[in-house]
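By letter and in written order, the chains are A, B, C and D; residue numbering begins at 1 in each of them.
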Amino acid sequence: MNIGFIGLGNMGAPMALNLLKAGHKVHVYDLLEAAVQTLEAAGAQRQASPAQVAGQEIDILITMLPAAVHVKKVYLGEEGVLAAVGKHVLLIDSSTIDPQTAREVAAQAAAQGNAMLDAPVSGGTGGAQAGTLTFMVGGDEAVFEKARPVLQAMGKNIVYCGGAGNGQVAKVANNMLLGISMIGAAEAMNLGVSLGMDPTILAGIINTSSGRCWSTEVYNPYPGVVETAPASKGYAGGFGADLMLKDLGLATEAAKAAKVPVVLGAAAQQLYQTFSTQGNGHLDFSAIIKFFSTK
Amino acid sequence: MNIGFIGLGNMGAPMALNLLKAGHKVHVYDLLEAAVQTLEAAGAQRQASPAQVAGQEIDILITMLPAAVHVKKVYLGEEGVLAAVGKHVLLIDSSTIDPQTAREVAAQAAAQGNAMLDAPVSGGTGGAQAGTLTFMVGGDEAVFEKARPVLQAMGKNIVYCGGAGNGQVAKVANNMLLGISMIGAAEAMNLGVSLGMDPTILAGIINTSSGRCWSTEVYNPYPGVVETAPASKGYAGGFGADLMLKDLGLATEAAKAAKVPVVLGAAAQQLYQTFSTQGNGHLDFSAIIKFFSTK
Amino acid sequence: MNIGFIGLGNMGAPMALNLLKAGHKVHVYDLLEAAVQTLEAAGAQRQASPAQVAGQEIDILITMLPAAVHVKKVYLGEEGVLAAVGKHVLLIDSSTIDPQTAREVAAQAAAQGNAMLDAPVSGGTGGAQAGTLTFMVGGDEAVFEKARPVLQAMGKNIVYCGGAGNGQVAKVANNMLLGISMIGAAEAMNLGVSLGMDPTILAGIINTSSGRCWSTEVYNPYPGVVETAPASKGYAGGFGADLMLKDLGLATEAAKAAKVPVVLGAAAQQLYQTFSTQGNGHLDFSAIIKFFSTK
Amino acid sequence: MNIGFIGLGNMGAPMALNLLKAGHKVHVYDLLEAAVQTLEAAGAQRQASPAQVAGQEIDILITMLPAAVHVKKVYLGEEGVLAAVGKHVLLIDSSTIDPQTAREVAAQAAAQGNAMLDAPVSGGTGGAQAGTLTFMVGGDEAVFEKARPVLQAMGKNIVYCGGAGNGQVAKVANNMLLGISMIGAAEAMNLGVSLGMDPTILAGIINTSSGRCWSTEVYNPYPGVVETAPASKGYAGGFGADLMLKDLGLATEAAKAAKVPVVLGAAAQQLYQTFSTQGNGHLDFSAIIKFFSTK
């Protein structure tokens, strides 16, 4: 297929490369020349602007951008995608943004006849490179079925979440719970060890009990408990604390808009903000356990 | 074996019955006559006080009491167990209490030559009846091995947690994390549904993602998502909010004694206290989701 | 002077009336016909749109709107104020909005040559009627001095807070602290009374000690302690819980934008959200004390 | 009068010295020899144990001890005060402890015919030296009137709080609110300054508005705003963060016993615990503002 791809950052670049590997023709755009050159070297066509990408003979246009403000600009700006794209082109935004903005942009696309999906991912840069991302997809179900084969070139789990914006809702709800349970895991591990337990024995008990969660089983924040976890590698790599802070910011914002309480969600957001303010935003998000211990 | 059993409440009574079923001879004591009669009818020997139980020809003495204050009184009181028990008797306290008290009592037992284990359980009254409890056991490992066959008559998972008090540490750490992740699950489910998602789809996504935890998979707080969960039965039965409040109280107390922070743990304790003060302490603890929604 | 006034709600209407009483000529606009009629009856000139107000021979234009979205639309919209107003007109926005939006609008006004002040108020509808509001004003100091006499027709304390947006910053910081200390006062009064103290004696001690604050002295949340406080009148009137919720929303949003933590501020926002979700948003904000007690 | 005084620490020693200055005869005891020598040099009579102090010809016995565990031991221990003291002696405990323990000890004193008051103080070591402490007194009112002249030798405000334990209740409620409003003040000041306001202007506005509290007016946590505050002297001296942590610990414990929620109180306790764990417990408690800012 002919695909447009806008946004070649740490996530977007390997995703676009996987599309090329799968045999698609890909038109790319990014503000950074270096990113464009890498894709060009791998066989992509360089375009000079989002509007130029949108103006090519393409079937699908995918965007992977840092935040809602960029999504709005790229889609709705004067030289943006909506102004230049043909009606038959299926639009997919894989950026992680708030559900409200996702729905606004999708509504404007629909108003001019373009089908659009929100399809944020989880799995990090490792998953982007390996083509094993999870896509959480919101929009019309028939449109989702059309997009699925292309998404499968970049990911392993392609999950339909319901109407427009629901991909973002699913991601925001999951990641809020992740942030809460990671802090909870950190507090529980730190408490147990401070009271004299061996961390591996404690993790073993929790993981066969009602406290078990992804954060204790797969990604335990206590060093040495899970060998492959960032905690056992000095909290390098992984999913940065500042990215978790961004997602918790989206969650609390979405809750505000929906007028529902997220008491622990907001507490988690504040703890990650404090942790980041104290200079630790670059560490893996499981490093929050250091926040609670003497240095 | 000859076993003494003190404390025949909702948990203790079925545990003692399982010991009888396994062929042990059991001497029992409780303040409530009705509880004693039930056990007597099943073949137990009635005794008139903790000291009298302790004074029988027994190999093991097990206690299952509501709180630390009762444990102290039964073991250390003037007419208590320690004053009357023979040196060869192995003491096992299955009450859920703070680790510090567990260690104090164990130290006093050790000082007079009695081996003692703390062995709190999880699994609720259902597990007590079915004999499928999990025992988290602290104390000397050789002593643990001696106790194991007897505990297996009442439970399925018998886990060694390390030195004296560590059974309580494991339970308190696990249940604090459980309380936190249940509130997190409630907030995430409520947020997602408020933003337009189907609860079953949302739970499905979380359960295959990084937000997954026992509270979303097995015990989802949103009605209708997990058929066997209390949420699907009007939040009746299960593990009462006031019991979770008690365990979170133990966790925050233990953290205070250890001088470590448990920020979300304390927030969870306060939310359950508020929920209970508003009149909901008798509901299953997953009913905390109602706290966040309009009625 | 000739003054334009846009936004004639519970606050705006009495403010505009006070301008008329002070002898100013006032051109008004509001979406609600009834509000316009009241002002017209008092001598104001009715105009058909924000742009028409802006197009009159006026010296100063004042806006009093519900939220940032309305401020943006009224000033920056296609038929908005900036498109129609003369360069010599001094713009004053008295709406309570986030500092960032206030600065964006002021910057656009400045770019086309219009001086602009942000001047949110405190004092409620009572203060608006009595002309005793406090104005917290951000913008150029010389411009502030020009505006002062007009603001004095509507308020008693006219406080200069520094550059553009600082009026909003002052209000948001003050009201966040107010929300926190009101909940703190509610918890402290409720705790003390639950432990057996007379509420008036407890308040007396706090008010001569280090815990004293406006919320204990002037506006005590415990019924009967301060006769003139909403707590002594069934929590009717006063400053609604939903308005406090709005201000705490602005504070946490501003903190997010500034990347600084407001841990108790966010907790207060969530508690008011929960209180509101449970159906109490219409009560005075001191009614939060009911949240913590049995009903 | 003849007075016994047990506990000659940073608070107790200057309090006992003030009793000597006022012309009373004072019998003293402390575990530390140096403390006893200082008082002896000033004219006090040294005694060898709490029981020996209690056995002298005294009218009043005052204790000033670090925590509930010491109060219990000194009063209720085998060689304790109650076992040795005459019925006519009025007992006054000025330690800051939980209300429950205060009531238990007072009840045991009453049971053997001794009147007892709980009389915790505020004002710090400076107030103890200057004789300007505030005494919050619980117990029988007639007994309080007898004690008042003696307390006035050590303090300026002698406040009657109601029945036994109410002095502790008042202190715990006041100091919990103080801890909450100090963190609130820190967050509000830090937020406002981060958003571009001058700290002195911001404090000025808050102090004439609804956010005002002792923590913004007298003890502002932002350096340079109040010259006499610890914040303007590198957070040295004052009321240590670890002492605030102790008082918040008492408040959350008392709330647990009373089964009432203190959501922000518990959050404040946790924030001070985290601050202390990070190595800052020795700083004045207003230094919590550093917790929220980059260093």
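Simple rule for what comes next: a residue touches a chain if its C-beta (ideal position, glycine included) is under 8 Å from a C-beta of that chain, and two chains touch if they have at least 3 such contacts.
The structure displayed is predicted, hence computed values, not measured ones.
Shared residue numbers account for over half of those found at the interface formed by chain B and chain C, and the copies are therefore classed as meeting with the same residues. With every chain reduced to the mean of its CA atoms, the largest distance from chain C is reached by B. Chain geometry summary: the mean Cα position of chain B and that of chain C are 51 Å apart.
Rounded to whole angstrom, the centroid-to-centroid distance between chain B and chain D, based on C-alpha atoms, equals 38 Å. Note: centroid distance chain A to chain B, computed from Cα atoms, is 39 Å. Listed for chain C are residues 255, 260-263, 267, 271, 274, 277, 292-293, each touching two or more other chains. In the complex of the two chains, the chain A residues touching chain D come out as 267, 274, 277-279, 291-295. Residue ranges of chain A in contact with chain B, taken from their complex: 99, 122, 134, 136, 157, 159-163, 165-166, 169-170, 172-178, 180-181, 183-185, 187-192, 194-198, 201-202, 204-206, 208-216, 218-219, 251, 254-255, 258, 260-265, 267-268, 271, 292-293.
Listing the residues of chain D that touch chain B in their complex gives 249, 252-253, 255-256, 259-263, 266-267, 269-271, 273-274, 276-277.
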